[in-house]
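Structure record follows, encoded as structure tokens.
Read from first to last, the chains carry the letters A, B, C and D; within each, the first residue is number 1.
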Amino acid sequence: MSHNTFGHLFRVTTWGESHGPAIGCVVDGVPPRIPLTEADIQPFLDRRRPGQSKFVTQRQEPDVVRILSGVMDGMTTGTPIALHIDNEDQRSRDYGEIKDRFRPGHADITYELKYGMRDYRGGGRSSARETAMRVAAGAIARKVLGAGVVLRGALVNIGGDAVDRNHWDWAEVERNAFWCPDPVAAARWEAMLLEARKAGSSLGAIIEIEATGVPPGLGAPIYAKLDADIAGALMGINAVKGVEIGDGFAAAALSGEGNADEMRMEPDGRVRFESNHAGGILGGISTGQPIVARFVVKPTSSILTPRRSVDRAGRDVEIVTKGRHDPCVGIRAVPVGEAMLACVLADHLLRHRAQNPDAPDVARLPRN
Amino acid sequence: MSHNTFGHLFRVTTWGESHGPAIGCVVDGVPPRIPLTEADIQPFLDRRRPGQSKFVTQRQEPDVVRILSGVMDGMTTGTPIALHIDNEDQRSRDYGEIKDRFRPGHADITYELKYGMRDYRGGGRSSARETAMRVAAGAIARKVLGAGVVLRGALVNIGGDAVDRNHWDWAEVERNAFWCPDPVAAARWEAMLLEARKAGSSLGAIIEIEATGVPPGLGAPIYAKLDADIAGALMGINAVKGVEIGDGFAAAALSGEGNADEMRMEPDGRVRFESNHAGGILGGISTGQPIVARFVVKPTSSILTPRRSVDRAGRDVEIVTKGRHDPCVGIRAVPVGEAMLACVLADHLLRHRAQNPDAPDVARLPRN
Amino acid sequence: MSHNTFGHLFRVTTWGESHGPAIGCVVDGVPPRIPLTEADIQPFLDRRRPGQSKFVTQRQEPDVVRILSGVMDGMTTGTPIALHIDNEDQRSRDYGEIKDRFRPGHADITYELKYGMRDYRGGGRSSARETAMRVAAGAIARKVLGAGVVLRGALVNIGGDAVDRNHWDWAEVERNAFWCPDPVAAARWEAMLLEARKAGSSLGAIIEIEATGVPPGLGAPIYAKLDADIAGALMGINAVKGVEIGDGFAAAALSGEGNADEMRMEPDGRVRFESNHAGGILGGISTGQPIVARFVVKPTSSILTPRRSVDRAGRDVEIVTKGRHDPCVGIRAVPVGEAMLACVLADHLLRHRAQNPDAPDVARLPRN
Amino acid sequence: MSHNTFGHLFRVTTWGESHGPAIGCVVDGVPPRIPLTEADIQPFLDRRRPGQSKFVTQRQEPDVVRILSGVMDGMTTGTPIALHIDNEDQRSRDYGEIKDRFRPGHADITYELKYGMRDYRGGGRSSARETAMRVAAGAIARKVLGAGVVLRGALVNIGGDAVDRNHWDWAEVERNAFWCPDPVAAARWEAMLLEARKAGSSLGAIIEIEATGVPPGLGAPIYAKLDADIAGALMGINAVKGVEIGDGFAAAALSGEGNADEMRMEPDGRVRFESNHAGGILGGISTGQPIVARFVVKPTSSILTPRRSVDRAGRDVEIVTKGRHDPCVGIRAVPVGEAMLACVLADHLLRHRAQNPDAPDVARLPRN
């Protein structure tokens, strides 16, 4: 059972509410003698941090992470690693208005129906604040995967407006406020988001994440498929409504011929795939090609336009959400998606190694 | 860990290869004193069974299920229920050709890279044959959910050609060979599939599944979200490349206002949602509205057109797949998707009940 | 959750009732390319089988095991291995008497209180029949551990009468009906059991099991300690009421000096322990010394002497158990204990390997 | 997998080293709307705390617990509860001597062999310090169980010297430094421990714990037996070498008649057991009688007498452990044993409720 734990051998347990004293996580299963300090984690938290541009919530959270266990003299010891971030900017007063009313499209109502109460302060446990710990855990997952596995992500669509893949430039991603790989789209999005912000509205988005250097063989039939675990991991990010791998939903329109990723041998004995419709996963097991996944984030449900709702007492009301919110929560989901993919891959790497210690690191034939 | 086990409190462990002597599963966690006989399971297997029309593989499998444990005098006892289906029509000779060659787009190559060997007979463990046990387990999950929860599915797109939702008629689904809710689309698809079949090609498809009568409160933050578990369950079905809940990828193009499912009180104290963009799930927890999910199945990788590939010895080869195969494997995925959704819901119902025994069965306010 | 599943990476799920059509198990997580046929499993089942001497139940069960999946051409494939044994000698008529009455000291009453019903035929799921599948799974676990790990067990006490450890001879264990390592004790026990049998009574017993060749490092802090998992595994065998490791309860009377297993270096760099009070486990992790565990099996609760009890309707009754039963169920527990230890070790070997792939196979210093 | 997580539905994940900045745990699965504050937890920590008498280590740890999440306005919210205790008195300088040498009978050597390094400061993760979080989690488990379930423990044997059960007085347990229920034995033990302390030696001990008011039906066949989980939980406490339930190892000397817990009906429809050889558990399921378990704690391995050992470099050495240590670590294990039993029972209560929501709270017949 895993209400708040993610993974099996590489296990992440998070805790904390948006406006509690702190948030944290315990990362268990990390192999010993991996160099690790806060400096390996902090840059990823800084990438995710709100308040960095006018397009994300202005909440100011330094989000300084501390390692409280599992590391000695800058090396992991094999025991659980506890990470801790104090919540500094809590401003609970902003949220009094939503104490007894449920934002349409938000978890407010379902927490109330499930638990008979909820921590209304800043969304409590349902707040995107929890994702800071995913990003921190993802930084440790990257260390477990090693430098050969490279994870990165980009925003490929905001409000229905997609990037032009012919203009894709990974270097561009770090240059704009949207993790956008297409500078032309980035310019359009800036205008769209300024308008949405002014209107008190919000926009949806699609994120693409990619992992290169992943060994073949990760994932296992039938209920530990790598793609199934990636899908669960990404769908579990706040506000996500869809996930696809490789060609994804576009595969509906393909023929069997069009979908086939043909193979040729390289002189060095490696298998070369001539395309990657599969997104790096066949039969739930990694092929060694880049793993490519996309997920969609719905528009933020906290908006300034009044919406019809109900309250805890069972009365019809209207609700307007004031306070600091993201016009496009999808932007901040980019590093979270990367982190979740890293955690899934680290978990599967350990699982694969347990059962198949002599499996090759690259797609090589003959296998033995 | 769960290589071949699905679920936590309602747990399904499957075993068996396409061309082994039998396939089976163990369903653990079923509450006691639920009436159950083979007659509750067989009809769902019959719906999934190949050989029923010219549009699915002509392999003839009676697929007669036997209950070997966990039931006495037609009632569950609370102990594990073992289900068993003998494999009767194994014809291993058909598959000699693919013994040493890897079908592009198929799990052949990844099993080889992971395990250093594979059961090539009919796809072995990676065959869709395993899904018969999911369908059987799903029939038991329906009994756990009770008659108030209704699960059904439909094919909504083949080869890029979608149904017209204005023509949607659930009764139609049982009348054609495609689980198609739109009779006009069904006619078009028949032509498309005959052509694909003649060309030795295959087509992708999109399936939509729905559950009504689901109590609110199923699912739990943060890593046992109902939608995350549904996404993992559906992505884990053979050949699936994408999953979405409610509006899914279309949510990228929505505004916050457009995405809000507004609420009003009914006179009887129930919450009425005025739309269902969320697909019945908010914050990973069911709202009590219908749960709506879609998933895409890529075109069958076993096709008659020669494709470039490699063999076990590391040589470039061509491959053509003969034998009996589905021109659109997505058709048979409809009952499998329903079954997986049933299993996820049964699992979450038990989990929810453990922690929240006094939670209401419908979305009612005030909660207490 | 694991009602009927044991282990994490090496996972055993059993099913079946004493008088159902069959019993079986699914063994998941077995590495690929291990030679395995029914002939590797059957001898262990034959050792456990009832009906072999006059001191165990006369039920005649050939217990012929079949492998239904996960093996191809005599090699494991990495997919789940299903084992199946038909129940042939079911004689349900013997058990009509206990249909509505609860044997004191038996699971009859607790199944009734938990589930509101029970499969009374031969004890149903609570019957020792289920342990046949543990023995079968244990045979596979031995293959995973490899020939270097040797597991064996002996009965060291029946009815309070202990073996003399000065007479201990492992070869003797296979020569008598009691797995007794002391031929003098074996002769005494024969007389005791004949008397108990004649009196319709039963006796308790203590079993000792040992594993040599276990690599150091198996087990993990804090809640996956090797000794904790062994204790759970052995206490979970039918009728077991106590478990101890190494000196066990005798450690209460030791001083710190007396309990210390002092160490010296061997010329080849191995650590030699000069004693083994710890039973091969320190801090929950194996030392590389022999693992030694003992467990106590209470006397069979099915006896011919009338006992005071109650019935399903809530009335005071007397009960006498007729039918075939073991005067000392502890005898048959020896191969079951060995099997459970094998399963725990196989599970921990895979877990250890996942997190510590470069750990040494013997206790060697310096470690790096 | 559960390296550092205990339980399934009531889940406890602990982290922290003896001499790190803090220790903590995350308790997940707690039902919502249970009143909870630090004041519910602190008294149990105070009972366990070292430094309270001359018979336990003089390390001074105020051990002030803070709740960092999962509670709002004094009520649990259903989300994970993080507990945190700062380590204040770390004095690492005491432990320099054992940095490179392994204490015989201690986890030093096995951590080194497993991980290739270890946190030698105060025992790191293997220190009994971690048990403070078990006690804290146990306090929450008691709240989940409710006031009807009463857990208590006593020391029944030190150094081979047992209490006289005819003198048993639960009230006495709180009056002496040993949790001893027999004032005469307590006086003897005081002398024994003073002598052991003076000699720089240590003594073993046996603890008995009891839970009354436990509903029948907790535990599930076959691998989630209540007694198996209790055995694993108690064996997992530091330095424990044996566990028994009810009559335990004494059952070896019983006859079937002597072991039978006969039953009679009470006028109110309850089943009355006329004895409790079983210790409240039959077939792995609670009967409703008091649950009685015992476990043995070996003598502390840190002693002042020189012992032969080896060092990290693989050289023969002698070792003497200075610093603050318990002459009988078993004394402090009493509240830890109670806490572990509470955690197991809370976990099983939730599991039982999930599958059997209508099961009775007392042993009542007829069941329906």
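Please note the rule applied: contacts are C-beta pairs under 8 Å (C-beta built on N, C-alpha and C of every residue); 3 or more make two chains touch, one makes a residue touch a chain.
Note that the coordinates shown come from a computational prediction; the quantities given were computed from them, not determined experimentally.
**Q** Once the contact rule is applied, which chains count as partners of both chain A and chain D?
**A** The shared contacts of chain A and chain D, listed by label, come to B, C.
**Q** Counting a repeat as over half of the contact pairs in common, which of B-D, A-B or B-C repeats A-D?
**A** Same contacts by residue number as A-D, out of B-D, A-B or B-C: B-C.
**Q** Pick the pair with more C-beta contacts: A-C or C-D?
**A** Looking at A-C and C-D side by side, C-D shows more C-beta contacts.
**Q** Taking the mean of the C-alpha atoms as each chain's centre, how many Å separate chain B from chain C?
**A** Computed value for the inter-centroid distance: 39 Å.
**Q** If you average the CA atoms of chain C and of chain D, how far apart do the two points sit, in angstrom?
**A** 25
**Q** Measuring from the mean C-alpha position of chain A to the mean C-alpha position of chain C, what distance in angstrom results?
**A** Chain centroid spacing, chain A to chain C, equals 45 Å.
**Q** For chain A, write out the residues touching at least two other chains, lowest number first.
**A** Counting only residues that touch two or more other chains, chain A contributes 1, 3-5, 8-9, 14, 29, 32, 78-79, 111, 114-116, 125, 220-221, 351, 356.
**Q** In their complex, what parts of chain B are in touch with chain C?
**A** Against chain C, chain B makes touches at 1, 3-5, 8-9, 11, 13-17, 20-24, 26, 28-29, 32-33, 66, 68-70, 72, 75, 77-82, 111, 114-119, 121, 124-125.
**Q** List the residues on chain A that touch chain B in their complex, please.
**A** Residue positions touching the partner: 1-6, 8-9, 14, 102-116, 125-126, 130, 157-160, 196, 201-206, 216-217, 219-225, 227-236, 238, 240-249, 251-265, 269, 271, 274, 277-279, 281-288, 296-303, 305, 307-316, 330, 351-352, 356, 358-360, 363-368.
**Q** Using the touch rule from the top, collect the residues of chain A that touch chain C in their complex.
**A** Interface residues on chain A, with respect to chain C: 1, 8-9, 29-32, 78-79, 220-221, 350-351, 353-357.
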